[in-house]
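Two complexes, one shared chain (subunit A), two partners (subunit B, subunit C).
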Partner chain A sequence: MALLNRSDWYDIARDTNWTPKYVTEEELFPKEMSDCFDVPREKWETYDEPYKTSYREYVKVQREKDAGAYSVKAALGRMKFLDSADPGWKSILKLHYGGIALQEYAAGMAEATMARFGRAPGMRNMATFGLLDETRHGQIQLYFPHEYVSKDRQFDWAHKAMHSNDWAAIATRHAFADIMSGRDATSVALMLTFAFETAFTNMQFLGLAADAAEVGDVTFSNLISSIQTDEARHAQIGTPALKILIENGHKEKAQKLVDIAFWRNWRLFAVVTGPSMDYYTPLAKREKSFKEFMVEWIVGQFERNILDIGLDVPWYWDTFLEDLNTTHHGMHLGVWYWRPTVWWDPAAGASPDERDWLEEKYPGWNDTYGKCWDVIIDNIKNGREDLTLPETLPIVCNMNHLPIVGVPGKKWDVRDHYLDYKGRRYHFGSKVDRWVFEQDPDRYAGHQGLIDRFLAGKIQPANLEGALKYMGLQPEDCGKDAHDYAWVWNYNKPDKVAV
Partner chain B sequence: MTTVPLCVNFESDFVLQLVPVESDFTMDQVAEAAAHHSLNRRVKPQPGRTLRVRLQDGDAPFDRDATVEQSGFQVMETIEVYYE
Partner chain C sequence: MSETAQKLKPLKTWSHLSKNRRRPSEYEIVSVGLHFSTNDPDCAWEQDAGTFMNQWYRDYREGSPVNHEDWDTFRDPDELVYRTYNIIQDGQENYVDGLIKEFDDLEHDQGLQTEWVDALSKLYTPGRYILHGLQMASVYLAKMAPASTITNCATFQAADSLRWLSHIAYRTKQLSLVWPDYGFVDNEKHIWENAPHWQGFRELLEKALIAYDWCETFVAINLVLKPAFDEACLRQLGHAARRFDDSFLGFLTDAQAVDSQRSRRWTSSLVQFLQQNEANQDVLDGWVEKWVPLGDQAIDMFCAALPDSPSAADDAKRDCWSFRAGLGLSA
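Showing the complex of A and B:
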């Protein structure tokens, strides 16, 4: 029997805006689950998804994608690659899987919110496929690292991390709860699919895939590029939603949600993707600097997307552009210094050659971040590893839950952007994080960050050892310098002098 | 005497750190407690110069022998420790 063309039946089949008989429209689509903007139903019916697919087509394509990714994995004998991989690259894998795999499942729940509560039939249809996509991303990114667990128990954190109270897990959960699980379907379309997926997933899933290909990690490169093809499709859920909101006079509120989501994601990427690209990836294999990737994907493409749709660039755009030179260097220094608190082994990336590269990509690096590394290097040379390990906790931001960092050395500009609210002092890593809090203080005010929990006596014994226990880290899990300080000894070569 | 946790911003360092002090500590002792977590770790000491304590955005430092209590520090007050 001949099949109809998709275009012959798609519109009528996906138009599931039936008239409810047993419940009211409001009961079927409660505002707080569906649409905080309260746009009328008939307006939502104009939603036109740019990407149309049928279930049959979807399954066929996805099956081919999976077959591709799994057969590359099977053919290439991953264990061998892992044995010979640079320790910095292994750390990227551990950080990536632990930080991302389970959040993919959470993203599946956010897609499910749009699939059930989205007001537009087209949104519900696309999000159903999005839900299947994210389930795939969760499963495949747990399956691939699983085979390494017997060799290296830090890989167990691919599954464990998001169930723990590790600071990096608290930061990730807080950000994604704010843009995914804690929002109505329309807000999810703006904050997850538009602000996060059209902008940032390119960075981690295409930028890093380029580095992976350089390093020779064909399996990982293949895997994350395959994931990105799904992201590129379901990321398009947000654009037609934004169009409807703007047409119906909600530009200001939509802009605010996009601005909040963009900033929250930026800070997470500064701690995940920034160090991965500029410090952990072996120098010879770096395709571009983190900043260059950000300029290409975010400043170039996302800025154009925002303007095309009729929004403005976020009000803090100048701050963000300036941040591209600084924040991730501070985050990296913090992760390396507090390395026992993470489930991967941070690569310092501060050998003489690497510093030359950093100085070239980020002029002034040696006079700022380099000043801190100078002291660290002297300590390791002098047998004082103890001074390169923490004896207290950094203050973490009450919005992004990452250490509050700034520029050290000659351009010292570290500051606490605090706010007193209802008798409690909140500490923020930037004025933008504070602004996010101020947009809806009661949404965020009850949350306790790691330092708040420490001060409330929830972490016992009240020292670093107790903190590691609280974070779920066994001594064998705790991060160490990825190269066992071998990079420090390059400073003894006569042709290279530490700056 | 009670313990007062502070949010310390040490000159030339890159991060804010949690530093617990006692309410009867003088500012010199506060500076010393703060220095323990920054100096010789990520910041080079400057021999012969004195460390002072001020509130973030404060114009002037507190007297070196003023105590934490006298200075009115709240729990998690943000202070800057810097070379005079």
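Showing the complex of A and C:
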């Protein structure tokens, strides 16, 4: 007898499938909760998770991770950093915590779907750790912002946002319902862990961590990199599931779910991470542009992952690569313009120096988005802030629930992609969003977006004021220009060009 | 944005906790009100209300016969959060590591009596199936509970099950190395699926796993299956182990009982919380009456196979009964 290594006993701990006798297999694993592909149980038993850990290792390592994250927070006297932080950076924190903390917790419930209804014991065990991980991510990302609520009411939205009908919350909930909360265990493995966690969490948690380190927000940088180490583990639940599906002749359907999830994530990141990186982060502290991060993490790494596993890149890959130059700029304009409707203060990021940077990173920016900002700048200079503020709600896409945007300027291309289904007309921000709808219309058809609710009379009074109330925004919550238009006055300096 | 709007007072904590008028604990800050899927009882998730998942939540969470005016007021008596759970359990695992090392040094397994080795292969190592089932049932409860403060308790309970499943796997391998002819590693599934002494637990587990109403799952698991397992498969098995000089297993089952005690504390709190609404009492009693016969049967069948333990079944059943009776439940 001897002390054992994990590998000596690990397989025994995942040899836990048995044949039910007192209930049926179908009762125990309803297809709609377990596996919409209906792969036989024996096939699932070849599932082999690449990232293995044991309970013993888990509690030790996670205890150490938390000790690290919490002690950095305590040591750095966080409040002082926040006082001196650039307002754009504060907005990133508010947006991040509000959009993410409770969705992380909800991701735990999707991990629970896999831990209960996954067909492979290895998947169920890994997802049990995943459920714990997401409990961590929900809790720690509430604990850290909590101390700021006394200074700034918008931080209350770290907890409140996902409970609200704010449009950004609706968009976030809709996307995550589609890739995790509303899906069976196998689809969660593909859509959440493979398509989202192996690709996009890198963007938010490593890309943004790099910016945070530059800004000097060591606590936040350390926190989100620590979170990403958990993601890197449970993200690997999806790969062996994909292998099994492909081996059993389900490539086409698996590909479709991955394509749907990837697109839904992309649109959400275009509105969350895009503006954070290219507009809110102070210019001097930008590690890379959003597009550069996307190219590194998504186009480089994720594309390789997809091909390695035997899938193809999504059919709309060219559209996506094109969109990397445009979508988030339009989203940013929209968010800034409708700033009273969000719980953070959008930083315009359109001062002369920042425009030079944008033009360098996105050639043609000045001739397109820049033109819109020119109008905004003139209005502010002329004392007409009112013209830069909304009076109505934007037209939003019935899939991603974000404003429908296009590229302004000479080749103004905003276009409504619509579809009539069972007597109702649906509007989409792109042909891909419409394609997603067409794959499974009844999953989406009965859902009412903010504009649908407005038209149905659920928002009263039927104007912007009523909409703000409906979205749960009190005057102190409503977003303002993060820098109180200070950036506009840089345009008065005639020597700017020579700099 | 109108300038005349009244300035709101600065917050001291999340607005949803402000009404409590006291400083919130870390536990409350990070544990209360985390489920947004409970906000719209007709549509848990932001998609067509008719999707399978939305229907599932209407049937098994919103449609549960138990009700409470504010589920989010439930509190875990231990106030565990993720951070403290790991600290506690890392300490518990250090203790178990120490046991493993100590008994390894003593060449404990080599000294076991063959009659007891045989009993371990039939009564102890096949337990990984029921522990995995408990893990599955507990994550289901986590997924479906109407308050995050209930969910978190169930999450930690699921993790505890995986913990004990892992220890059994470890011990199964160790025993197989010393006693290769007793079917360790390879024969547990056959025993779990065929040996009469497991069939009561198997029936109870399989049926509990499909008791999809969130609160019926809670009753079947936390008030019947887990107490039965704890009393028969930990306490009584532990007693038998000591009679056969297997104090190692005795220590292990005692250590596991620490987790079970925690489970019973929040189970008791949740029952009392449910009893705040009088109408829930009948529902709870109805479920207890439905599930307890299966629990008693499981105990009887398992304990009948425990060597040298004539009073094990009665002792185990009595302890389960008194746990439930202490909560004002009918059986």
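Keep this in mind: the second predicted complex is superposed on the first by the 493 of 499 C-alpha atoms of A that agree within 3 Å, B and C clash if a C-alpha of one lies under 4 Å from a C-alpha of the other, contacts with A are read in each partner's own complex, and residues count from 1 in each chain.
By definition in this document, a residue touches a chain if its C-beta (ideal position, glycine included) is under 8 Å from a C-beta of that chain, and two chains touch if they have at least 3 such contacts.
Note that the coordinates shown come from a computational prediction; the quantities given were computed from them, not determined experimentally.
Asker: Both complexes share subunit A, so when I overlay them there, do subunit B and subunit C fit or clash?
Answerer: Overlaying the two structures gives subunit B and subunit C room side by side.
Asker: After superposing on the shared chain, does subunit C or subunit B touch more subunit A residues?
Answerer: Between subunit B and subunit C, C touches the greater number of residues in subunit A.
Asker: If you stack the two complexes on chain A, which partner ends up touching A:Pro240: first (subunit B), second (subunit C), both, or neither?
Answerer: neither
Asker: Would you check which partner chain A:Cys372 touches, where first means subunit B only, second means subunit C only, and both and neither mean what they say?
Answerer: After superposing on A, A:Cys372 lies in contact with subunit B but is clear of subunit C.
Asker: Identify the partner contact of A:Thr135: answer first if only subunit B is touched, second if only subunit C is, both if each is, neither if none is.
Answerer: second
Asker: When the two structures are overlaid on chain A, which partner does A:His447 contact: first (subunit B), second (subunit C), both, or neither?
Answerer: Only subunit C; A:His447 stays clear of subunit B.
Asker: First (subunit B), second (subunit C), both or neither: which does A:Tyr418 touch?
Answerer: A:Tyr418 sits against subunit B, while subunit C stays out of touch.
Asker: Have a look at where A:Gly122 lands relative to subunit B and subunit C in the superposition and call it first, second, both or neither.
Answerer: Neither partner.
Asker: Check whether A:Pro275 is in contact with subunit B, with subunit C, with both or with neither, and answer first, second, both or neither.
Answerer: neither
Asker: Nearest approach of subunit B to subunit C by C-alpha atoms in the superposition, in Å, rounded to an integer.
Answerer: Superposed on chain A, the two chains' closest C-alpha atoms are separated by 19 Å.
Asker: Please output the residues of subunit B touching subunit A within their complex, sorted ascending.
Answerer: Answer in residue numbers: 5, 7, 9, 11-19, 36-37, 40-44, 56, 74-76, 78.
Asker: For the complex, give me every residue of subunit A touching subunit B.
Answerer: For this pair, the touching residues of subunit A are 330, 333-334, 337, 369, 371-372, 374-376, 379, 387-388, 390-395, 403-410, 412, 414-416, 418, 425, 427, 451, 454-455.
Asker: Where on subunit A does subunit C make contact in their complex?
Answerer: Answer in residue numbers: 1-4, 8-10, 12-13, 15-16, 18-23, 27-28, 32-33, 54-56, 59-60, 62-63, 66, 70, 102, 105-106, 108-109, 112-113, 115-116, 121, 124-125, 127-128, 131-132, 135-136, 138-140, 142-143, 146, 149-151, 153, 156, 159-160, 162-163, 170, 173-174, 177-178, 181-183, 340, 442-447, 465, 468, 474-476, 478.
Asker: Can you list the residues on subunit C that touch subunit A in the complex?
Answerer: Touch list, subunit C to subunit A: 1-2, 5, 7-8, 10-16, 26, 29-31, 33-37, 39, 44-54, 56, 81-83, 85-87, 89-90, 93, 96-97, 100-101, 104, 107-110, 128-129, 132, 135-137, 139-140, 142-143, 148, 151-152, 155, 158-159, 162-163, 165-166, 169-170, 172-174, 177-178, 185, 189, 192-193, 202-203, 206-207, 209-210.
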